[in-house]
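Pasting the structures in now, so scroll down.
Below are two complexes that have chain A in common, paired first with chain B and then with chain C.
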Partner chain A sequence: MRDQSLWTWHVIAGVVILVFLGLHMGVMHLDALLGLFNPEGGHPIDWGNVLARMKSGFFTVTYVVLLGAALFHGLYGLRNIVYELGPGAGLRSAVNAVLWIAGLALFAIGSWAAWAASRLATTL
Partner chain B sequence: MPPALPGARPDFIQDIAMTNGNSEHVTYRVKHFDPDRDQAPRWQEYRIASSAGMTVLEGLWQLKETQAPGLAWRASCRMGVCGSCGMWINGKARLACNTQIAELESSFVTVAPLPNFDIVRDLVPDLTPMFDAHTVVLPFLIRSDRAEQESPTVEYHQSREELERYLQFSYCIKCGCCMAACPTFATDALYSGPMPLTQAQRYNSDSRDDGFGQRKTVLAGTAGPWRCHYAGECSRVCPKGVDPAKAIQLMKRELVLDFLRLRRHSRPTDLVEKPEGIKRRPDIPEAPARTV
Partner chain C sequence: MLDVRGHPNRLGLWGWLGGGRWGTDRYLYTLHRLTGLGLLGYFVLHIIVTSSRAFGQQAWEQAMARVSGPLFLIGEYLVFIAFAFHAINGIRLVLIELGIGVGKPIEPVYPYRTSLDVQRPLAVGAVLLAAVLAVVGGLDFFVWH
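Moving on, here comes the complex of A and B:
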């Protein structure tokens, strides 16, 4: 990918993180005020509340989107750091390949975990 | 490099030194490097008389006249216009002609060639990488009416607002101070640096220009503005107030909007219609014939 598209996605991922991480923080730390996402009451990480959120397709999608955005944003930043060390063209290609493979693998694992948790929650 | 001849020092420098009774002494700490003789740069100290209003460049001339005849540097206009005398002076990239010794507020004047470049000799940096990167971004008006550009008949239309979009960036004198101050350019060989990117933005912002697409082939890639961390040092040291950091951020925005297909593409401005019924006054002579 060219740097123009990578940077644009980097910015978009930053906005997504801002929104979805904000949502996560709101659910976890502001629920006393919001009272929207923890139907069982008590602490947001109580079993009943976690189960309720995992049953919700909205939260499954939220986690997957947040995971994708955070991975892309972070790995692109890592790529920039490596590039600033002045690697040659071959090493740059290798870095790109490793980061893409690592990113896709982590995304696949994380997405599977979110999906599996959702499936498990619906059976309980 | 000016010739190192006795008597080459401009008279006005001597006038300043002689007529001002408030003469003090400062120590010049100068970096020397002769690629034919030295393995590495070395520092040498000199003590010279300074006076009110004396610039670092005038001090260098005095040094050359009295103590270091072989000292080499670039300088030309002595008035902050040509951009030749960019140097690293007391830890900051500055124009030697535009920096008075008094403003350094120190009895030591440390002078070195601009960092981030190879040294040709003494205080002369090799600016070739900067000018190579400058060339690559096509720093000129790109239009389809090439015949009109080569043999202009009238002017291109440009409003005051359109002029304001790039005017600040056009004050650049290519002194290299921004490149020397840039922490990214210091470590990242792929980064074009503030000066070339600012000039690319200067032409991309020009309403007469239609070259965004051509420049994008370079700017959208690794050499583009993407590795700028917005340290802002380029804008801090720029002796002409060009603000390269701003230009680079504007360029990022333009390129992001372009990727998202949200960039407004406007046609380059048309020619101004030739005024009719205007006669040249008889006391105004004809313009001389073109020589180029």
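Moving on, here comes the complex of A and C:
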């Protein structure tokens, strides 16, 4: 039952990622075609454009949503691959522990950066 | 002839390479996993590198300078192709999960028909759409900039 609900969350996270990563890829890599959210022109990773997104509450919040959804989706996918190779119970719980720690640490780094960047942008 | 009874994943990693009786969809499965692993690896580095924006313009521009150049540009385009495939194939997988596009159950009467043939148009369409997305992304990566 637990794995079934984790799988359902994996699929739901996939749909969430499709929306927000779709937007992210549109902003970053289809900029010449779409021209979304790059007020300074030039390249999407030029500081002026990055700063504009840092200032935006929408980007700050959706970056954290995307971060959480993508970490869960990716790490659960990795766990599926490892489990399918048939590891023993000890190795399975070790893998679970490592993935939990890595996932929480990366979520902490990423959401701290989104929060700190948003604070920095409002002072500049 | 490999005996897989009682050993559902006896083939292990080698099962990724051989489509066997599963056909084309097996290769899409393999690609979905490989691209997923690649995207996960990129994503971990991406979280760390882009967090430099929280330290201001200089830190951001230093971090971006460290990951620039033709090698990184090609690497990033590979990530974009992986994204295009994983996203579009993922839509296909969700549709199949919801029972859309898999066809109705049929009586097992000879000559047997495989449901994979019913799902094939969706698979072909997904690969074509991913290819179109990869080409448009390639234009943005290499031509329009």
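Just so we're on the same page, the second predicted complex is superposed on the first by the 116 of 124 C-alpha atoms of A that agree within 3 Å, B and C clash if a C-alpha of one lies under 4 Å from a C-alpha of the other, contacts with A are read in each partner's own complex, and residues count from 1 in each chain.
Just so we're on the same page, a contact is a pair of C-beta atoms (placed from the backbone, for glycine too) under 8 Å apart; a residue touches a chain by one contact, two chains touch by 3 or more.
The shown structure was predicted, so the numbers you read here are calculated from the model rather than taken from an experiment.
Undergrad: Contact-wise, after the overlay, does A:L120 reach chain B, chain C, both or neither (first, second, both, neither)?
TA: In the superposed model, A:L120 contacts chain C only, not chain B.
Undergrad: Between chain B and chain C, which makes contact with more of the residues in chain A?
TA: The larger set of chain A residues in touch belongs to C.
Undergrad: According to the stated criteria, A:P39 is in contact with first (chain B), second (chain C), both, or neither; which is it?
TA: Touch partners of A:P39: none, neither chain B nor chain C.
Undergrad: Name the contact category of A:H29: first (chain B only), second (chain C only), both, or neither.
TA: Only chain C is touched by A:H29; chain B is not.
Undergrad: According to the stated criteria, A:G57 is in contact with first (chain B), second (chain C), both, or neither; which is it?
TA: Neither partner.
Undergrad: Is A:E84 touching anything from chain B or chain C once the two structures are fitted on A? First, second, both or neither.
TA: Both partners, chain B and chain C.
Undergrad: Just chain B (first), just chain C (second), both, or neither: which does A:V11 touch?
TA: Both partners.
Undergrad: Touch check for A:D3: first (chain B), second (chain C), both, or neither?
TA: first
Undergrad: Based on the A-chain superposition described above, do chain B and chain C contact any of the same residues on chain A, and if so which?
TA: Touching chain B in the first complex and chain C in the second, residues 11, 84-86 of chain A appear in both lists.
Undergrad: Sort out for me which residues of chain A touch chain B in the complex.
TA: Touch list, chain A to chain B: 2-8, 11, 80, 83-86.
Undergrad: Quick one: which bits of chain B touch chain A in the complex? Just the residue numbers, please.
TA: Counting only chain B, the residues touching chain A are 184, 187-190, 216, 219-222, 224, 226-227, 252, 255-256, 258-260.
Undergrad: In the complex of these two chains, what residues of chain A are touching chain C?
TA: Touching chain C: residues 11, 14-15, 18, 21-22, 25, 29-33, 43, 45, 47, 50-51, 54, 67, 70-71, 74-75, 77-78, 81, 84-86, 106, 109-110, 112-113, 116-117, 120 of chain A.
Undergrad: Inside the complex, what are the residues of chain C that reach chain A?
TA: 9, 12-13, 33, 36-37, 39-40, 43-44, 47-48, 50-51, 53-54, 56-57, 60-61, 64, 80, 83, 87, 90-91, 94, 97, 136-137, 139-141, 144-145
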